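Each of the next two complexes has subunit A plus one other chain: subunit B in the first, subunit C in the second.
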Partner chain A sequence: MGFNFIYFYDSVRSGIEYLPNTFELTFIPILVGLCLGILIAVIRVYRIPFFAPLLAVLITLYQGIPLVVALMIYHLLFMATFNNFAAVLHLSISMADINTIWIGIFALSLHATCYMEESIKGAFFSVDQGQYEAGYSVGLTRLQTLRRIIIPQVIPVALPMLTNNIVGTIKGSSIVMVIGITEVLAGSVVPASKTYAFFEGYIAAALIYWIFTILVEKFARRIEKRGDKYRRNLV
Partner chain B sequence: MVDLFDWDRFFTNIPQIVAYLPVTFKIVFYATLFGVILALVVAVIRIKKIPILQQVAGIYVSFMRGTPMLVQLLVVFYGIPIVMQQLFNINVNRWDKIIFVYITYILNQGAFLSEIFRCSILAIPTGQLEAAYSVGLTQFQAFRRIILPQAVRVAVPSFGSDFIGLFQNTSLAFLIGVVDIMGRAKTIGTATKHVLEAYVFIAIFFIIISLLVKGAFYLLDKKLAYGR
Partner chain C sequence: MIEIKNAKKSFGKNEILHDVSIQVNKGDVIVILGPSGSGKTTLLRCINFLEKADAGTLTIGEQTVDLKKASSKEILEIRRKTAFVFQNYSLFHNKTALENVMEGLITARHIPYEVAKKKAEDTLAWVGLLAKKDAYPCQLSGGQQQRVGIARAVVLDPEVILFDEPTSALDPELVGETLAVIKSVAERGITMIVVTHEMSFAQDVASKVVFMDGGFIVEAGTPAEIFRHPKEERTKQFLARIISAENMYYI
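Up next, the complex of A and B:
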């Protein structure tokens, strides 16, 4: 026993090989989360009847479910119902044709949507009500006020929280290992199935995630600094 | 259509899963108790800028925040036996698996809470400390009577969301073979071939917990809003 650097190196290489899967599991949910998050946040900020309270309840409830539990449930439902579902729709695809990574992407997207919606909604509420009134008073329409006055002020407030959400999604993507998707974490221990060097494998995975999240945070700080230029009189 | 969900099975599962709730609560209890102590130490080291220890604490916090909980759990689970064997020649193969879970969650909470504590202490304007010194309070008195009450108020909302996150993270412990509610659901699944009901119950349980914790921290936050 002990730390074997050759096995460690093998694990790092194997983990990096599966980095594209982690990218896929991170970027698609972030994109979906951003789009749906903004949409739901706007619905809730403008208090659109029926939809706003419904979405508020759904998001509060869904946030309570741990990702791993959600993932298990979706995986089970998928396994149990997909073939019947395809038969009903007369689709010629079966369960085996679908990559399970999409279940992971689906679950991560829903989680990202909930958390990003909360961040964006918080940022919207940080903009003073007077800004809306000022927009309307100079004759801008609702959409124009939103686009030209409100959103430019929402972005710098939302960015740090969204960075946290993005890092959370990257970290959450490691959990899809439980339904048998090979991403960085599972990929790093592929060599260990022969060598039993699990410790080296998991250290390698930790190192890859660590570097990945540090890079994302550095990049985000840069963008935040650019945004800060325009908010001299806020804070 | 296969029979996927059955209310009878759902209700027979409930007592079997509830019996393992203490495991989840124990993880949360130990992680919070020792996590807070560890976090205070780390926060003081970083605020006082103690050389060397400060750098070590910085790397520790960065690692814990930058890597997934699951990876930390697996690193601890596979790493501690090796480290103990090499350094102290202690064989830990007979340790209960739950101990590795405790260690991971305490280390993880220590890092996350230390950031919360550090930020809330630093959020108090320096003028407050100077004012305390100017009326003749000692350093400790100034911290205890002036800084701490204000910092606690800042920390409560973040502590609440961290606490909910901790509860949710306990659902990962079954992946190293600990039998908590998730582990029990898995064994129910192997025994009866029907596991959906168990997972649905666990999802409902976590939703209720998160609502309760949210409610409790909302009340606490309101209570602490004195002098605002």
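Up next, the complex of A and C:
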């Protein structure tokens, strides 16, 4: 199997063209995952009645579904019900007006939420119960203790795990190709439909993902270093 | 004046406090003695609502609250009148010594930053740690951490400071410096309730010694009464064992 650098170059260019889609498919889920993840983690750490056990069951169930399967289900549900749904709400839009990228974003967001919640919850449990009690004992409210004492200690512990989750989401975003969304992976093999240079196409996609994840990891390491000044002397 | 009336607490079927009542006058130093599992620490934690008692009332100054049914607003008010010194220090790991001492002043009492800083620095100087004000807890020895813990409690000018075995996590060399600081807290006239196993400290500093066992107050009185002329058999037993152990330690 030969390697054609011209085809490879074409594939890289075509893949980069679709980078904005990959950005959408990663950064929106990461943001949603962070916000919902923190919220759910706090609900579970503080054992809020009703919600904490409910969310625990939901997350355990959802984590057992592979991302591809979830995507297929949402896509099918979308195609089967959208027109009826629009009719009920008297919306004058048809299925074709909706960009299917939102299905991908939805599925990735739910997965990111589950994984990030687990990371954040784990980091919460690394903070000693005495830290909460010390906060209460000097007269801080629950919220003040959370904001000023607990969260600053949770962040440095959670960051390495969250970086992992973020890199996982970036790579997971390539899976949305199966419901016909064109992102970096699908984009890289677009030229191959004419030239049959699939090998060059996949290598191009790998290269783009690799650079993207390396940059994200470098950025995350820099933040991690800033966050742990009080732990520097912990052995 | 602080008064605990009929405090009861059980964890599951295990009853830790059976109807405990204590009265503390302003400026008193109450030392609670007793074997492990006698409910000393639980009593202390119930006063600060770190543990919710099953029954009983607590009076601090003018305010009386139900130990079981206190609202979160009442709990916050009580906590702002009391301070707690923990067995394992529990300094805020993410804050420097100075920030640890300032936290309650700034966030809970809304004292202006500069005023709080001045007060916190004075208090740190008083426990002999002004030079360490920018050190994080992980950079301090156990004795230093506990002294910061004491400063964090004293700076709030609470009506009572609750000490939960403040020296039992320290190695013997560091116990002395910490006890000296606690002693000077007592000399300031601050009301204190101290749970400890340091008998000589109890003899020197306490205005009243309370002996607890099995969730009951067995005996209470002045240090002279308790140490020289204990009335109850259980107190004599406990003291005989402790005091002979202490003598052995000096040999």
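One rule holds in what follows: the second predicted complex is superposed on the first by the 230 of 235 C-alpha atoms of A that agree within 3 Å, B and C clash if a C-alpha of one lies under 4 Å from a C-alpha of the other, contacts with A are read in each partner's own complex, and residues count from 1 in each chain.
The definition used in the following text is that a residue touches a chain if its C-beta (ideal position, glycine included) is under 8 Å from a C-beta of that chain, and two chains touch if they have at least 3 such contacts.
No experiment lies behind these values; they were computed from the predicted model shown.
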item	value
Partner chain in contact with A:G64 - subunit B first, subunit C second, else both or neither	first
Touched partner set for A:Q153, first subunit B, second subunit C, both or neither	second
Touched partner set for A:L185, first subunit B, second subunit C, both or neither	first
Contacts of A:K171 with subunit B and subunit C, given as first, second, both or neither	first
First, second, both or neither for A:G139, with subunit B first and subunit C second	second
Touching partner for A:T81 - first (subunit B), second (subunit C), both, neither	first
Per-residue touch tally on subunit A - higher for subunit B or for subunit C	B
Footprint overlap on subunit A, comparing subunit B with subunit C	none
Partner subunit B, residues of subunit A touching it in the complex	1-3, 60-61, 63-70, 72-73, 76-77, 80-81, 84, 167, 170-175, 177-178, 185, 198-199, 202-203, 205-206, 209-210, 213-214, 217
List of subunit A residues in touch with subunit C within their complex	128, 130-131, 133-141, 144, 148-149, 152-153, 229-231, 233-234
Subunit A contact footprint on subunit B (complex, rising order)	1-2, 4, 62-63, 65-72, 74-75, 78-79, 82, 85-86, 164, 168-169, 171-172, 175, 182, 195-196, 199-200, 202-203, 206-211
Of subunit C, residues touching subunit A in the complex	48-50, 76, 79-80, 82-84, 86, 88, 90-95, 103-104, 107-109, 136-139, 152-153, 156
